[in-house]
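Quick one: the structure is below, and I'll ask about it shortly.
A, B, C and D are the chain letters, set down in written order, and residue numbers restart from 1 in every chain.
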């Protein structure tokens, strides 16, 4: 079965900015989904901010292997209960790929537990991405470096926790660098951040970028069945201890009581 | 100047449970603060849930190097704005030490971005902590293992992100294991989780536990000045680029505009 | 194509110790290879210390996706040039799984850059392995814990670098703990250490252990083509710089010269 | 007591190359040691390749807290037994700082267990180092970025294991990037790699570089007493098990026997 992927798009600038609408006439999310669907191992659909529950109902997330997230102007409009639901899905095994300005999305910040800040400049300058981890699955088929002639600059320090792996580092014409591809695991879910993708440039039409996204979906996919409740904290009672023990000393909890949260 | 440390105590069971009140007549927070103050390099005070703003005003946090956190029954009563303020302080360089049931505290979960769940059993069983990282500063002066004759059991899997370092792993009489001492960095702040400390046992009177806490405060202390705004995402304009560049292509932002959040 | 796997066995105690020979009449390596071959995704053969070049010629390694290594009594008899060749293969993308007493093998120590020491006891005591990383691919299909009724004890501190991930932690009846399943990446190669497997017990006949090994082979397999020379340090000359620059200042190297090693 | 530091210099090009001799008339090692000694918390001496045992006798290493290593043309001339001795010292708690071309030194490769390769170009181009970890102790007092007007280029991919932390990333005028400041722990020893320092440029006269080196020595210093034998693998016998157990099953080792290596 192909990897069931949702490309979530904020879909704001595509409606309000002529440049963006020209580059992405059907929205950035559809451009990305089309690119993913060119790979028979992936089956991508889309969801947007404007749909009920942002298109991310519990039922749909339960049938989703990997969620790709792009947002920028409307991070604050994403409902907190949907963010909590997505986080639960990630902890239970759904992959998450955060793109570009999604560094400041609620879901990415929630999963990182860190400021996720950076410096930036919108000057259409050249970006060159370098592999730092040779033969990493996310870099499969890529050259050791590739260029995007026009991109927004993101500069270090990038306020994220140390990653599990650094896969790409970017060079910018204006003199900055940025760790452009980073991996983490949160619960049973694999998380990847990929830097490029400013909405006024045709980044998601780039073949190398599309290859990274396809590789990333495959990497992020955890084929294990979703953990039903990734937050459960079971009381393994004395009777159920692996080794025979006898209860001793004073006790706070009444038998069979749930723990505090 | 000694390390300015706040020991934050929930201070609930000390008021409502006779066993706890007997072991910690002045509250667990005071027992821990007293232990820390026995080291001249540390100057510890306390704060509790019941104080206005839980005793954690912005002014006080600004003068705090390390915050030690113990909570259990009343995690949900901690105000979200205080949690956000503490997170900002950590990202700006304040150390945080989360103790025992604080694995489910709002602040620890926020910093981890993960479920932080585990299995548990209150049976007064024996726990033995083993060093896994020899000569780690948090283990300074400790034997390779030490015991707590009565403790609550916490069992793996522990739902936290991979740590920077694993310092202790616990053995439990009933057959479980737990990664009992783990470090992370979040922004400029050092974070340490230390497992022992169930309120119905005299754990914080134990000399080895007290030594861990003193070491951990020193480890968590970042002597650099606090970052004023750890969330800042500055626009480094074309004029201020380190290398001379010329703006190209379409643009979303008006000159001098703040970025989106 | 199935994952081409070599199970390397020292094959010493099987020849000299009656107990070992009885449990593993065709050698431990064949028992492990048989278990792997029960999975159609894996094609396992064996190699032993006694073969020319220990059965690990350059030609054979070039056709190998994953190497499983068990050794104990004769670590010192493994030729250094073969060790260097295996390390190159790992750096170029071959997976390596080091089993039990292979913690002190030349190849594992070389890849770790650390002492790899531990404490030990041969008392046939009970070991219980706990998952610490839920739904990790190496733990697929396993319960949250499983037992080996008789095993050698290995105790912390285990002198290895911090792993990429901790997958298992063991509890021992005699009171010790050990990080029993650890992952690292070295170059393009995935490395996994798995603790159980003392030769006087039937550990490699255990179904859970066999499942771990099958999962580990799949996890360690890097499908990318082998890096021809994983040690190459190319001189990217001024003419070949991605950005046009002019050479300045004094120079040590004559044009086209190789770098120093 | 100040941190007892040895700056080890290969001292070859200073003797054979006029440019290098002019920039570092007393050798690079003395330039670095002088810079370190400007900090009263550090007491630095030097050692060179040409001295007996390369100036690194067991007695001297036992009195050394941090070793700084610069080598380039003569990596192969360093004796293997001295390398093993230095590795033991690191595993026992001595800090190691590898500079620039020491990425290919025997000691650094041994501690990394990885190829440690990179691409390079000697064109005197501009390098700009960016902090990636805000308020890291190694970055104390530094601006968010600083420049070296003339440096050799080192480019990614850098063939080292994922670090504990990435502290600096470099931008190069010719279009490459490099992770310029990386930390690891090996045994009880802290290891830092710092990229700048090509011998034909006055890099070690730069104030920012000198500040990094001073910070790095303090960071790498482990104040715990040196571990006498960092390779010991003690047999904790049944009689000495923390929990009372009874020996069961067959046994390979005769009572009191040493383990195999």
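The rule is short, and it goes like this: a residue touches a chain if its C-beta (ideal position, glycine included) is under 8 Å from a C-beta of that chain, and two chains touch if they have at least 3 such contacts.
The shown structure was predicted, so the numbers you read here are calculated from the model rather than taken from an experiment.
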Between A-D and A-C, the pair joined by more C-beta contacts: A-D
Homomeric contact chain B-chain C: same or different residue positions, threshold half: same
Most distant chain from chain A, judged by the mean position of its C-alpha atoms: D
For chain A paired with chain B, centre-to-centre distance based on mean C-alpha positions, whole Å: 27
CA centroid of chain A to CA centroid of chain D, Å: 36
Whole-Å gap separating chain A and chain C, where each centre is the average of the chain's CA atoms: 31
Where chain B touches two or more other chains at once, by residue number: 128, 133-134, 155, 159, 162, 164-165, 171, 175-176, 185, 187, 230, 242
Partner chain D, residues of chain C touching it in the complex: 13, 17, 19-20, 72-76, 87, 91, 101, 104, 110-115, 117-125, 150, 153, 155, 159, 161-162, 164, 173-176, 184-187, 198-201, 230-238, 241-243, 245-253, 259-261
Chain A-facing residues of chain C, complex: 93, 128, 133-137, 140, 145, 147, 164-165, 171, 185, 187-188, 222-224, 227, 230, 242
Partner chain D, residues of chain A touching it in the complex: 128, 130-134, 144, 155-159, 162, 164-166, 169-172, 175-177, 179
